[in-house]
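Got some structures for you, see below.
In what follows, chain A forms one complex with chain B and a second complex with chain C.
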Partner chain A sequence: MNIKKRKAEEVVFKALMVSACVVVSSSLFLIVGTIVAKGLPYLSWDMVSKVPQGGFYIGKEGGVLNAIIGSLYLAGGATVLGLLLSIPISIYLNIYLKSGSPLSKSAKLAYDVLFGIPSIVYGAFAFSIMIWLGVRASLFGGIIAVTLLIIPILVRTLDEVITTVPKELKHAALSLGATRWEAAKVILRQIKPGIYTAILLAFGRGIGDVASVLFTAGFSDNIPKYIDEPAATLPLAIFFQLGSPIPEVQGRAYASALILTIIILAIVIVSHVLAAKQTKHKI
Partner chain B sequence: MTPHPLIRVRDLNVHIDDHHILKHININIPDKSVTSIIGPSGCGKTTLLKTFNRLLDDTANVKVTGSVLVHDEDIYAPHAEVTHIRKKMGLLSQRPFPLPMSIYDNVAYGPRIHGIRKKSELDSIVEQQLKDTGLWEEVKDRLHSPAAKLSIGQQQRLCLARGLAVEPEIILGDESTSALDPLSTHKIEDLFVRLKEKYTIVLVTHILRQARRISDYIVFVYMGEIIEFGPTEEVLLDPKEELTKQYVKGFIS
Partner chain C sequence: MNWRVIKDRLIANAMLILSITSVSFVFLIGIGLYWRAAPLFEEQTLLSLFSGDEWAPSKGKFGFYPFIMGTLWVTLIAIVVALPLCLLTAIYLAEYTKSSIRNIILPLVNILAGIPPVIYGVWGIFFIVPIVRTYVAPVFAAHSSGYTVLTGGVVLAVMIFPILVSIVSEVLRTIPKELKDASLSLGATKWETIKKVVLKQALPGIVAATVLAVSRAFGETIAVLMVCGNVPVAPASMFDGGYPLPALIANNFGEMMSIPLYDSALMFAALLLFIIIFLFNLISRIILNRIESKYSS
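Up next is the complex of A and B:
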């Protein structure tokens, strides 16, 4: 192949890559731009400080504080519960089990499958458990459904982070006479920044999901005081308001979407800052 | 045949998956001296080293038969306490892997997990081990800065100090200088020679000149079998086996 042809090929593929990057990143601006343009005029102090008052859904007084708090409770509760389960899982699979053991391989395959299951299926599954237990739609039910949804995300992310740790680090601790649990603690120190990434991904997924909480968390105009009370969520609040023919209510739907986006943005920034602080001792 | 064997290996066989990695290994590793395991890549020399501190346990589908006696304790006996066995053997790997913590905490890690809590005691262990490995003067003003900030040669000496802090009897080195520059290599080699007064040292190396410089005994391993074992001069200068001759001359690698 002559040099002209090779150079032409280089130019063509570079152009394809650049245009793909431009299209994707501009669509992000388009999404955020739409939400800001349509939502910002309706974003008021009332929106974030009040729960729906009488007639809120036909354009009167109130805000979506119930949904903001409900979403934070749900995603926060599920992330904490998810971490409590997934950190031990990934430690067991990667540190306790020998590298390449059949159990670890099949467990990882199972998590890959769970990762691909749509959230409505988790919602339906959690719902059937709730019926069996006699629990009604509540914060508790929602947290269980979202936890099921985010555990595969947490396990897979932690798994990828742990596999980047050289196994010699584990061997270094073991050869000093450490037990496997002590070696695991050394590795956890090494992957702290990765844990924040996992939390970020799980929380972001949890706070934005509708299908898993549709049947399980219910909806309420009040802020839940107890875990057995139904809880509103921002995605559902957006859904209800967007379905209204009243322009005022539709605008509030975009304002709610803006609030959700700001919350996620805040989580991204906080987790990046925390992760950056934790790299001091990383080898 | 050798004075005071510390490690005695009896009919050791190692299979990984379906491969017979080590075949009928019998050897006595002499106490308070440097023994180098040499041989071509993939001959099983690292595997042999890893059987001594049972790090081989961490690999899937490994089958070990036979026995490895340290003093008179079989470390492959069913009830052998693995953490206790590993504590007796310091490991220096190919590249330094400091723990993700400060210089001080790296050295104090071992003593801490084995129950030493008193700060004054830990302080003196850290100082002593860093002095023994020649690091003290270089790091005494930044003991609490991250170990990862040290140069790679310093990191390797730190790893040695960390290993010595748990008071092992044996030091295992797995090509411990292969990632280091000549000056750092020289420092580590000097340390090995000095440390053999107090410790039994077993090294895996593929550098014949290094084996000649620092070891008292040499084990030549080929295709999972011990071909020859004896004092350094004998094995390198006047090998008895044809295979050893060829390896020493550089015909097989």
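Up next is the complex of A and C:
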């Protein structure tokens, strides 16, 4: 092949790569831009400060405060529950077990696989547990489903953070006569910023997911007072309102989508700031 | 024995039990879904479930063929759209750009992974649906509402960008520099080196990333449900509506309790998704772990 042709191929592919890169990286702006353009005209103080009033679903007064609070309760509850379970698990897999032990290896593989299981499957599974236990669709049911969904995220993230801690730290603690639990406490202090990142990731996933709460959390126009009451969630509120033929209700779906996007972007920004801080203080 | 040691042992046992319980969820999910789906198998054979094309729960007819085809169409379109774009992007980021640009673009792409599915759905309705209806479909002389498997595929493609770009660029980073240098010093251009050396070496990793992305696309529910049309007929072209399996589960959960076997049929759909995605994930994670351990050793 002559050199001109080879050079031309190089140029063509480089151009293709640049354009692919532009398409891929601009898609975020396209999505956020569309949501902002659609939602902003409908966003009002009532939207975020009121629960649905009478006739809300035919275009009358009210807001989606019930869904915002419901989502916060749900994602918050699931994140707390998930942390209580996943911190001990990741300590056990990384600090108690020797690295490369069969249990730790297969457990990590299992979490990788669980991470890929779609939320609709978790939802269906949690729903069958609820039938088995005789639990109605409620905040509690939703929390269970979302906890199942976010444990793999938490374990995988914590796992990654713990592996960034130098092995010498653990060895130093153990050689000074500390038990493994005491060494774990030293390491936990070291990975505190990483834990915050994991919390934010899990919370963001929990607040945005629909398929897992669709049949487990139910829906309600009131803010839940007890854990056994059904709770509205923001993504589900968007989904329901979007299906309405009434323009005002649809408009509120766009505004709710904007609210959800703002929450998610805020979480992303905070976690980036935290991550930057973490690398600055790394030993 | 020292109290500190006893405490350490107690905590160790508690955490061992916790770890084993949570890992066993991989199996518990499968068993739980099978248990709920089992009544369906007494009435029908697997073959008739897969090949039947009539979906009429009230008459006891559960044919999954249209839904399986719907899932395959959207997934295939998503991969066809996303794979070339993401491969080119990942190659560009890994081989051509400075790290400063890479550090801006990779986080941007990764934010996409955090955007909730329902937001993708809203975006699909207002951005992709009109484009398909007014620009794409007329070109192919097809009349279309815009709610098609093509639309679902494109929305899914964007959803799998982060997984493909981040894993493929990680895999590309593991290719030894010596290999590339050898090829370049023999007079190959940079693109030729990538085409014939880098991509060949990275092939297992790229396959693994693609399989992961496929399984992600398989299970995505709400975003697809919102833009896909939800017609329970196997799509004949990409401008037809489709009805993927996850959308079937999500749409019918409310009414399933009133009709016999309906809930078993939906749980069977969930079980099917679970088994396929479980296998796909397992295979690709094993490949990726092997690449990683080779790289770090």
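In this text, the second predicted complex is superposed on the first by the 247 of 283 C-alpha atoms of A that agree within 3 Å, B and C clash if a C-alpha of one lies under 4 Å from a C-alpha of the other, contacts with A are read in each partner's own complex, and residues count from 1 in each chain.
Here, a residue touches a chain if its C-beta (ideal position, glycine included) is under 8 Å from a C-beta of that chain, and two chains touch if they have at least 3 such contacts.
Predicted model, so just to flag it, every value in this text is computed and none were measured.
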(message) Under the stated touch criterion, which partner chain does A:Ser101 make contact with: chain B (first), chain C (second), both, or neither?
(response) first
(request) State whether A:Arg6 touches chain B only (first), chain C only (second), both chains, or neither. (result) second
(message) Going by the contact rule set out at the top, does A:Ile259 touch chain B (first), chain C (second), both, or neither?
(response) neither
(request) Pick one for A:Glu182: touches chain B only (first), chain C only (second), both, or neither. (result) both
(request) Name the contact category of A:Leu174: first (chain B only), second (chain C only), both, or neither. (result) first
(request) Check whether chain B or chain C contacts more residues of chain A in the superposed model. (result) C
(request) Could you tell me if A:Leu139 is touching chain B, chain C, both of them or neither one (first, second, both, neither)? (result) neither
(message) I'd like to know which partner A:Lys38 touches here: chain B for first, chain C for second, both or neither.
(response) second
(request) Report, in rising order, the residues of chain A that make contact with chain B in one complex and with chain C in the other. (result) 179, 182
(request) Spell out the residues on chain B that touch chain A in their complex, using ranges where they run on. (result) 53, 55, 57-61, 83-84, 86-87, 89-91, 93-95, 97-102, 109-110, 113-114, 146-148, 159, 162-163, 166
(message) Using the touch definition from the top, list the residues of chain A that touch chain B in their complex.
(response) 98-101, 166-179, 182, 186, 189-190, 280-283
(message) Which residues of chain A touch chain C once you look at their complex with the stated criterion?
(response) 6-7, 9-10, 13-14, 16-18, 20-21, 23-25, 27-28, 30-31, 34-35, 38, 85, 88-89, 91-93, 96, 103, 106-107, 109-122, 124-125, 127-129, 131, 148, 151, 155, 179-182, 201, 204-205, 207-211, 214-215, 235, 238-239, 242, 253-254, 257, 260-261, 264-265, 267-268, 272
(message) Can you tell me which positions in chain C touch chain A when the two form their complex?
(response) 4-5, 7-8, 11-12, 14-16, 18-19, 22-23, 25-26, 28-29, 32-33, 35-36, 84-86, 88-89, 91-93, 96, 105, 107-109, 111-112, 114-123, 125-127, 158, 161, 165, 189-192, 212, 215-216, 218-222, 226, 246, 249-250, 253-254, 266-267, 270, 273-274, 277-278, 280-282, 285-286, 289
